[in-house]
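Look for chain A in each of the two complexes below; its partner is chain B in the first and chain C in the second.
So, the complex of A and B:
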């Protein structure tokens, strides 16, 4: 599956917009992603290892809060879309 | 506006390419003329939104801004021109709208939107467009819109990316349903810190204006319940589904927010934001620097931020701190800073957990330091 990195977080993925991952669920995908890019971790996972409230994670077009949250299952052709809070105007 | 008044001949000509659309026609144009929209901020988003709403014939536009035009605004804030640099943004924007369409009434609100004035201001309009540039005002706009039951045409931008939606409309979600809490201060850089492509707010501001026009006309499918992402580098739009959160603190089934709150406190950015135990003030850092006292200054921002300007500290980005902690001497006096005091709080907490006892946070970061030094 593919993880899509928003502009606000790309400086932590060496500018990569798209990261290929092999993971069965969202928690595993985020663990792989933050292992590959450790600087991402404080922006994606709180001290408790959970996704903070200001980050939204979608599988395809659905928010994981409306699915099974971190336990949401992933298929190989799924897209994991990270949406960072931005405030510019 | 007189709701029974027909379009004048001049108005019929002016809007003819729009009224020829069956979705608009003279009835829709009269609805636009009778409508009022509040635009919070006359910056990158507010500029195109206000200009296009004026051109489309929205009868009354409220503009909120307290700032003056700076030359660095001009690449994206097209409601202001080179000759406006140094002028009040409200004056400049009002003049531009009057030039675009003299039929539009402009209500200038030359003030910051606060929890004390927002309800009174927003209550006078049918729809609100959020063109602000900070989280605290975005939560304020959201809460006031929900409490007043006004649609909130939302947009925000960052570098090459934009987001748009309509909140608090038709039973759909509000901004808090999507983002119940703001990021830690300093974690998300502002446009001033990170930059923004000039055309980007044009896209997003016009989407906000389009949604306002559709709501006024009662036509089309609103963005309520959908979050639109725009990536200018990929030239790609994505649409994500978002739902109202029944546990939302302002629009949920049992709301706990029933009036505007202290948004500086909520977002950890205002003067009332809690002082942390290990905070030092900018003047304390300046005194240390001037006194030649030995201490270690750590900058936990990113290299690109450091290269733009720094206080002469050692760069250790927050994400690398744990791995590079061996570079630090726990016996020395350590002061940590970032851009606005958010990341450095995390860094200080981490170092203290690792046994560092003489480590302190520059409260408010470089922003506060620069402001304090004038």
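So, the complex of A and C:
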């Protein structure tokens, strides 16, 4: 599966917009992503290992909050879409 | 929404092309004329929202924006002009909108949204378009829009990415449902092309026209995320939080 990185966080992924990952669930995907790009970690995971309230994670078009949260299963062709809150006006 | 005056012959002539939209027509145009919209701030996003709604024939705009025109406003804040540098932005906004539509009623406030003015500003309108660069202002508008049961269009951007959703209080996710907390790293200054802020602004104006006139399907319950760097668009489902501190106990509310 692939993870879509929000623009505001791409400076922590060397500018990469899409990152290919092999993970069975959301927690594993985020762990891989933050291992590959350690500077992402404080922006995607809190001290408790949970996703902070200023980031939304979608599997395809559905928020993991409406699925099984970090335990949501992933298929190889799923897209993990990270949405960071932005406020430019 | 209060019925004011019927469309004049001049207005029928000006809005003729948009009244050809089959499910909009003269009835939709009359609804826009009878409507009031609050927009804040009226910068990169808000200036284009205001200009499009003034062009479309919305009857009244309530606008809030502080400060004087700066040179760095001019790449995106299309209601500011070079000859107005150093003078109040809100006067440039008023002047430019009335040049386009002299029939427009404008309540122009030279302040940004704050605790002291949010309720009064939002109580005067039928719909709110949130174009503020700071989360504190966005959360205030969200809170008051829910309290007054006013539809709220949320338009935001960063660099070449933009987000838009429509909040129908009591029916769809509010800003706090989607983002309960502001990111600690957000700053007032951000990278922006005027063409990007203008893109999400035009979409915000379209959402406002749809909500006010009752045509089409709005983005309520969906967050449209777009990356104009590669022209990718995702329509993402967003749901209410039953424990939302702002709208969790809110019952359904619609435009009158």
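What we mean here is this: the second predicted complex is superposed on the first by the 89 of 89 C-alpha atoms of A that agree within 3 Å, B and C clash if a C-alpha of one lies under 4 Å from a C-alpha of the other, contacts with A are read in each partner's own complex, and residues count from 1 in each chain.
Note that a contact is a pair of C-beta atoms (placed from the backbone, for glycine too) under 8 Å apart; a residue touches a chain by one contact, two chains touch by 3 or more.
Values in this document were obtained by computation on a predicted structure and should not be read as measured data.
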- Note on the structure: chain A contact check, chain B vs chain C, more residues touched by chain B
- Message: Applying the document's definition of touch, where does A:86 land relative to chain B and chain C: first, second, both, or neither?
- Response: both
- Message: Just checking: does A:7 make contact with chain B only, chain C only, both, or neither of them? Give me first, second, both or neither.
- Response: both
- Is A:39 in contact with chain B, with chain C, with both, or with neither (first, second, both, neither)? first
- Task: List the residues of chain A that touch chain B in one complex and chain C in the other.
- Result: 6-8, 17, 43, 52-54, 56, 58, 61-63, 65-66, 81, 83-89
- Message: List the residues on chain C that touch chain A in their complex, please.
- Response: 41, 43-46, 130-135, 138, 155-161, 163, 178-186, 190, 192, 197, 223, 225, 227, 229-230, 234-239
- Mind listing the chain A positions that touch chain C in their complex? 6-8, 17, 43, 52-56, 58, 61-63, 65-66, 81, 83-89
- Where on chain A is chain B touching in the complex? 6-8, 11-12, 17, 38-43, 52-54, 56, 58, 61-63, 65-66, 81, 83-89
- Complex interface listing, chain B residues touching chain A: 41, 43-46, 130-135, 138, 155-161, 163, 178-183, 187-191, 194, 196, 201, 227, 229, 231, 233-234, 238-243, 245, 302, 304, 317-320, 323, 343, 346
